[in-house]
Every structure is written in C-alpha cells, then in structure tokens.
Amino acid sequence: MTDDARAIVAQFLDGSPFVSFLNLSLVELDAQAGTVTMRMPMRPELERGGSMTGQFHGGAIAALIDTVGDLAVAVRVGGAVPTINFRVDYLRPSTGNALTATATARRVGRTVGVADVDVMDEQGRLTAVGRGTYSAQPG
Amino acid sequence: MTDDARAIVAQFLDGSPFVSFLNLSLVELDAQAGTVTMRMPMRPELERGGSMTGQFHGGAIAALIDTVGDLAVAVRVGGAVPTINFRVDYLRPSTGNALTATATARRVGRTVGVADVDVMDEQGRLTAVGRGTYSAQPG
Amino acid sequence: MTDDARAIVAQFLDGSPFVSFLNLSLVELDAQAGTVTMRMPMRPELERGGSMTGQFHGGAIAALIDTVGDLAVAVRVGGAVPTINFRVDYLRPSTGNALTATATARRVGRTVGVADVDVMDEQGRLTAVGRGTYSAQPG
Amino acid sequence: MTDDARAIVAQFLDGSPFVSFLNLSLVELDAQAGTVTMRMPMRPELERGGSMTGQFHGGAIAALIDTVGDLAVAVRVGGAVPTINFRVDYLRPSTGNALTATATARRVGRTVGVADVDVMDEQGRLTAVGRGTYSAQPG
C-alpha cells in the first residue's frame, strides 16, 4: 500500500463518527487488483432483531457497502468522494460475528466512478451485493 | 390508523435494536394516501464528520430509507417484510437536527412490493430519494 | 413551451435513429411543473411475444424511461445529456396500443440531475417506474 | 450445453419479436461457470445518432442487459422469468459493429434471482454494467 492510500484509509476510519461507530477495519487494500476489503464486526446496535437473532440489519449492510465502495474510488482519485447513488441487493440473511466487504472500482472517469461491492459472511457466503456511483472529484 | 397498523408500527419501532438505535419516531401514517412518515433525529454516531459538521452520513440515510420503505409495504401486507433491494440517490447534503422520510407504496403485488421514499430536512428541502423492492410476504 | 424547450424536444425526436424507431411523440411539456410526457405506440418489433400477446417488452419500456427521463433533465440544462445510470421497476404487464411516460426532474445540480419516470398504459394504470441519473452538462 | 438449456435459449431467441429485432446470438453458455454470453450487432435503428456516429443508444444496451440477465436466471430455473427490476450504468460510449454481454447469476433463491451483466465492445472494453432482479418462477 502506498503512503497516499494509507492516508486515505486512515482518513476514512478516523474522520467520520458514523464509520467509527460501524467499527470498520481494513483487511486488505490491493492496489494492483484495485480492490479494498473491510470488516464490520457485529455489535448489538446493528442487529435486525425479532426472531432473527444474530442477523445484521439491512441498513447496516447498506452503510458498509456505501463506505467500502467509496473507498475503492477514493484510493483511485486521491481522497474521499461524495456518493451519488447506490443499489444494494440482499441475497441471504447476514449472520455471524462479522461481515467482510470487498469493493472493486469498475470504472473511474472524469466525472464519476462506479464500484461493485460483495459482502460475505464468515463462512464465505455471498450475502449481499452493492453497486455505487460516486463523484470522481474528492471533496 | 387501524389497530393492525398501530401494531405493525410498534413492532417496527421496538422489535429491532438497529431501528431503536436510529431512534425513529412515527410522524404520520396516512392509510388513505398509503404513506408513512418517520423522523430520525441527529445523534453523534450518525454524523458524516470531516469538514461537513452536522451532516448525516449517507449510510444512516440509506438505513432510514430502507426502514420506512419497508413499513409502507408492511402496513399493506400485514407485517414486516424482507427487503429485496433498494436504491438511494443523494441530492443535497442532509444537515440539521432531524430528517423526515415519507414512504409511499407504489405497487404491492403477490410476490413483491415497491415503495418510494422522499427524505427531507427541517427546511423541507428534498435531500435524498429512495426506491425499494420488498417481499410481499411477511416473515 | 419556450422556443428553447421546443428545439430540445425536436432534437430528441429527430436526432436519434433509435428514438425515431421507438416512434415517440410529445404529449405535454409542462415547464411550470417540470414534467415531460411522451407517448410510445406499440409496433410489432416492441412486442414481448410468447403467450403474452400484445405486451410491450421490458427492454422497450426501459428505453422509453431512459429517453423521457433524459428529456426532463435536458430541458432544465439546455440540451440532451448523457445517461449515467438508471433503474427500472416493472409493476404490471404493459399492454395496449401505447404507453405514456411522464418524467419529473427531482433535482438538477451542477454535476448530475435525477429524474423520476412513471409509465402508464391507456387505462391509466401504472405499469413501470424508472429513476435515472444524468450528467448535468449537455454534450 | 444441456438440451434443456438449448431449448431455453432457442425459446429466447425465437419467441420474442423484440429479441428477434435486437438480433441477439448466443456466443457461449457455460453452465459450469453459470455464465451466458450473447452478441448484439449494430443496426441502423439502434444508433444513438447525433454527432456520435456509430454509437449504440443506451436504450438498446439496457434491453440487451435485461435480456441476457434474464437468460442467466432462466437456465437455472428452467424457463424465461419476469424481470422485477434492473439497473444499468453506462461507463463509456458503446461503439463498433457489435456488443457482447456476459451475464452471471449471483444468486437464485426461491422467490427471486439476481444476475450481473458486463457489456463489452469489440476491443474488450467494459462499456456498461447491469444488475437485475428476476422472479425465480418461470412464466
């Protein structure tokens, strides 16, 4: 990881009270492959509740997708970028002690960047997928 | 509001640790119009942070949209429903003491329901819009 | 309708072989309300086929949504704009001699514009909805 | 390719006037990988027109994505399925004599299936991506 990428990740993890609350940690940043992987541990406030004990709420998964997708574009353009829009599809219940999200920038142009995000549980099952469009101009 | 609707809203607000954390409250449920309006107050953990003091993080807005859209379908089918997918578009920075989200079920069929969600700040500006597809079968 | 808007609509209807093929016609352009309504008649090439005689194919409906949403942003920014992305939800089979699509620009900022599109059949039933993000810079 | 898959593809290519108009042809169906690749040649009616000579209109690309994504789910569930919704992101102008779309079913559950679609030009550049949700029940 370059120093620039390291600085952007640190800015992400420390600069936002919401991201701090989600307690995200960097698993891997593979600049060659253009992928970023982060881990979000379960905490009581993120539970969906009801009869589905131990399941992450979809809103928490959406927040994870938004954030990690942003980071995949951010390391390409040199700083955190505003989200324009994103879509999340829930494929399976997301349970366990933690989720892992891997984001890949599919294309970064002059105006916008598009990132795909795959969310896995600890068994390696794909539980949700996201696709976001971000501004390509940090700020 | 019918007793059934009241029970579904109570189940929403009390049954999920995540929704409790978001601290949502019901503003209006207009069964005639098929709309549900909820309010999400700012709290430190929901801040985007950085130089944009007082701005809600997009992930928190996405969670608000997912939840209120779900409720608009839930009151039509008689219970909380799994989210299949949703899209959120951020139109303006979302700042202030609270956001208000109004969801409308555009169509509820046998298999799925589709809801639109408009998010407003306290000045009545539209700051984000969401569109979600939910299962039409409670469970 | 202003002369500018009239010129943009004419450019839309005449400038693209694909739009000519779809045979779209302007029903109403309400600059006050910020809405554009266009009509797409059935033609044999647009049929879904199979056992669903007389049903528009979803791909034709998607093309209608993309085009009319674009026009709603175009009249605001003064010229046709590139589509960045859009989503289409199919709510009911779309049958009959023609479909009508009404697009509303929800927000046009410096970089992008967002438009909602409602598709109706001749009975006034909502058969599909679209939401698109377009560049706010004509070209 | 199994006889079943062959029959489903034939049903797709021959059963719909709209798909016939798009003139799609099967490039590869890899049941092992769960991918379907189809080719759509340029024809005058699919051109975007204007100053962008030789560019496919976005509506035609959306129709390609919808159709090939559907096929990826169809071969898994044994017949063509209704599209529930899809999203398309345009990454680059799509020019040339033909486009190739590869669809992968990311997950097929009891109720719905989700497919990703990558669209490439003849130079192998990714020009658009799609993600669709389809009913998992043929009919």
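Which chain is which? They are A, B, C and D, in the order written, and residues in each are numbered from 1.
Heads up, the rule we're going with is that a residue touches a chain if its C-beta (ideal position, glycine included) is under 8 Å from a C-beta of that chain, and two chains touch if they have at least 3 such contacts.
If you're wondering where the values come from, they're calculated on a predicted model, not measured in any experiment.
Asks: Compared with subunit C, which chain's mean CA position is the farthest off?
Replies: A
Asks: Please work out which of C-D and B-C is bridged by more C-beta pairs in contact, and write that pair.
Replies: If we tally the contacting C-beta pairs, C-D comes out ahead.
Asks: Between subunit B and subunit D, tell me the centre distance in angstrom, where each centre is the average of that chain's C-alpha atoms.
Replies: 33
Asks: Using mean CA coordinates as chain centres, what's the gap between subunit C and subunit D in Å?
Replies: 21
Asks: How many angstrom between the C-alpha centroids of subunit C and subunit B?
Replies: That pair's centroid distance is 28 Å.
Asks: Give me the residue numbers in subunit B that touch at least two other chains, ranges are fine.
Replies: 84-85, 87, 89, 114, 133
Asks: With touch defined as at the start, can you tell me which subunit D residues reach subunit C in the complex?
Replies: 11, 15-22, 44-50, 57-60, 62-64, 66-67, 80, 82-90
Asks: For subunit B, which residues count as touching subunit C in their complex?
Replies: 87, 89, 91-92, 106-107, 109, 114, 116, 126, 129, 131, 133
Asks: Hey, which residues of subunit C end up touching subunit A in the complex?
Replies: 84-85, 87, 111-112, 114, 133, 135
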